[in-house]
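Read from first to last, the chains carry the letters A, B, C and D; within each, the first residue is number 1.
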């Protein structure tokens, strides 16, 4: 089964000085799955995403994507291969328009080699970007600079940019952080539609247990850089080790 | 109000004003057009001190000449610009002086870089151009319209070696500024000491223009214990060299060059300047009236003591005026011919014997020594083998 | 070239003195950088003005202590004016904007000084500090150099005490650790910034005075010599680290001296300093004492 | 009436510097990479062209693109060194690069020492020497080519990648942009334009010396760029023209030229940090309104 996984990690370790942010992590994700990764603050969730997306080189261990090793590749290559991500703290291109933000992500085939000399201002590209903006519900803002958008919209923009890469796997890093309940529900709806309509595999790091439980098909629980539990949400909810870990850090499960 | 009346009134007013202007214009005594002389010097930036000194020297010369009735019966007028010691500025100024101000001739009160840049333009345009004190040999080379009243590096370097000979120094240290001025002086002083005097140069090292701390070099020199130290420098570096040498307990005499020839050197170095001997062309003890008038008038005009730079700019104007007078016309080629034929012109910085083929002044030098905070006559340097600029 | 032990010691002393001169500016720069993350090149202008104010006060009063006080007051005020009017309003702008403003302010100050006092260097001789030298072993040290070292050492001690023992010093340290958090605290952080500028500017002013006396001259462009070199020092030391600035300055001063003594004059001092800096940055992009983010 | 050489000279200077400033604008304005050493690249181009034509007798028409190429490569090197450096360390490294290059120009005899190389030949076309108006025409054509390159970059994926990197490097990487490659390219293209400007500079002033390419010149280039507005196509050109023309107008007040120059820069940056024509500046808003008024 693991052999057929879209993406898997093998004994993945990342140390910062003496701190073991990831310590022997083995996970996998299957096609069209929504995989939740939860854990208390500082458990290593974002570090895991940073290693998978190429921002950090692992201290030990490997990452395989469709059975190809990708843990030494630069982020741009990994993105081009079909793994795209969003950030916990949104990183919009503030002075570019919303449409341009998405167009940047449409250029993955042009940035390699020297085809970057071509004009980006083309009908098909603009149509594609506009379509994606419609998909995430931002089309009315497409000509305003990104910096004027409220935080909820910026998260949608991040997802729109990630989608423009036509990803196989989408890594969402706390897509509902800092949002009201209503906004969070809308984002959740968006995420499930994405899987259904695009057939994209989703890995989701969430702090908000409720969101994660509701969306995920299967979950991993990380604590102190180690996987302490795996299974469908209902099981995780009842797992005493998980409850212990969350109680220890003052969080409630579910 | 009646429109026609208004129009008539306006016409009348215009006629009256126009008539008044025409009347004034026609009855005005014909003004004597002054002879325009161009001038550029660094009036801002790091070289501004020398630039202003040169400007004041040139202005004083114009004043003196005009007080005596001008040249060819017409007053001189100095048109000056700031080149900020930037060659590109100098090029722009050269064009401006030639094409907009239409000067008869021009004078550089600037350093070698801007002077060199501008000299090409003046030569191309056929306008006589005199460099007051810039030393670079290329300024005048193969440029028939360009002249220089100041010293050039080769004679000055030899003269420094000659002064070492006067002190019976056989083991000499040379510490020089790494610009063509310093390098030329150092090379020629070295050659003179080794070839003519049969002495030995035991230390030969360079430093960058603008250096303020010479303790490293001087520590090494002290360990070698030379008979004399030859240090081609500008006054600012020179002041540091003599005071830091004294602080390190160095007793060997220091021999300097015209770059030291500034009241600023004495002020900055203070007591440490005592006994320093320099090669220059301005003899403050000279009994000649021209020199003494210049020194006192310069001080009255600016409030500070004159230096070699101011004196050279003064001389450049003086020589130019003499040449125009001799030419009897403002034609550039006549002026150049007159310049070429000048002989034994009394200048503040010694007698100009003649201009060489390449437009360099052949004139005597003088060694001065610092005693009680003032430059005083030490020795004359008139040996033709030393003072004749090489061609 | 090999030297005798006497020459070695003399060179070492020269190098240390050179380093201390860089240190004077670098300390103020690093204090400002630690808080505002601005490369405060205008600091060299404050230093120059300090030297001139001290010089003029001394010429009028013939009292070196009055000169120190006058220079300190004027520099402190100037420092705070620059901070309040130019740096604070631009904190949210890209960092090159305050940097270029800072360079422009330095050029402006130097030019204004040149217009007021003239472009000429002016001799600065102080009666209380005779230019005598003492021979210790075979090493020569000037009276002015002893004074210079003593005052600077005193200053560094005082700085250490202020930063580690006073309330505002501790607040300043805390603020430089986490500036964004400190900004959230509001009014107080402005006081801390003022405080850093006042201390740093006084240090610059007195530094100008000391270097003026040390080389017996003041001139409008005296900041050039130290401005960019001090930047190199704080980069080598790791931006914002006071200990780094002190050590970086000494390393640079001594390294320069011995390089000139052994290999001769290969490159201008600035270029040499920058080469050291770039090589260091290739291996440690955060400087010697900088923290890894 | 014949236009005096003085005005032609002024125009030529403006166009030559505008090319270098446009390059700086690509590195700094578009890609957001601070470069405080642009003058060094002009120097590299100028010396390359001077040495090629004077010492190897190569034609100006070959030396000109080669100067651009050599500067381009030097820019790649600086870009590669700077890749790991964060903001202020990057700024300092580019300052250092400028100081080091100036020292090299000064200390290696091939560059002619402190007086540099004299007598750089004027370019010839079919035996006709280009001076004055004809040189102006040459500079203008090359300026236009660079302007077109600039406009094209702004509309291409390259320019978009630059802007993305300027706004947020991390986000740019996750969207498939190889940040290292584009940063190096941003330095290289900026440097290449400076190199072309350097070649034109050398063959116009007929001399090259280290002192023309100091850090102070880099600051001047930067103020031209910022004055007009970083990251805009026409801002840097206007900025260059203003910085060159204003001191000429104030020539009688030369004593205070530097004071005025720095004061203008300080006041402008303090109140209009985006430059005269930058996004959201007073003038840009007015012009937009004005154009908008016409469209209505």
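As a convention for this text, a contact is a pair of C-beta atoms (placed from the backbone, for glycine too) under 8 Å apart; a residue touches a chain by one contact, two chains touch by 3 or more.
Just so it is clear, the structure is predicted and the values come from calculations on it, not from any experiment.
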Original post:
Suppose you hop from chain C to any chain it touches, then on again the same way; how many hops at least until you reach chain D?
Top reply: 1
Original post:
Across the interfaces B-D and B-C, which one involves more C-beta pairs in contact?
Top reply: B-C
Original post:
How many angstrom between the C-alpha centroids of chain C and chain A?
Top reply: 48
Subject >> Separation of mean Cα positions, chain C and chain B [Å, integer] >> reply: 37
Original post:
Where the CA atoms of chain A average out and where those of chain B average out, how many Å apart are those spots?
Top reply: 74
**OP:** Give me the residues of chain C that touch two or more other chains.
**Re:** 111, 268
**OP:** Provide the list of chain B residues touching at least two other chains, using ranges where the numbers run on.
**Re:** 44-45, 178
Subject >> Residues of chain D engaged with two or more neighbouring chains >> reply: 255, 258
Original post:
Which chains touch which?
Top reply: A-D, B-C, B-D, C-D
Original post:
chain C touches which residues of chain D in the complex?
Top reply: 28, 32, 34, 81, 84-89, 91-93, 95-97, 99-100, 102-104, 106-107, 215, 219, 222-223, 226, 255-256, 258-259, 262-263, 265-266, 269-270, 273
Subject >> Touching residues on chain B, where the partner in the complex is chain D >> reply: 43-45, 81-82, 87-88, 91-92, 95-96, 99-100, 112-113, 116-117, 120, 136, 138, 178-180
Original post:
Taking the complex as given, what residues does chain D use to touch chain B?
Top reply: 4-6, 9-10, 13, 113-115, 118, 205-207, 209, 211-212, 248, 251, 254-255, 257-258
Original post:
In their complex, what parts of chain C are in touch with chain B?
Top reply: 3-4, 6-7, 10-11, 14, 17-18, 111, 114, 118-123, 125, 131, 133, 135, 140, 142, 215-217, 219, 221, 224-225, 257, 260-261, 264-265, 268-269
Original post:
Can you list the residues on chain D that touch chain A in the complex?
Top reply: 152, 155-158, 160-161, 163-164, 167-168, 170-180, 182, 279
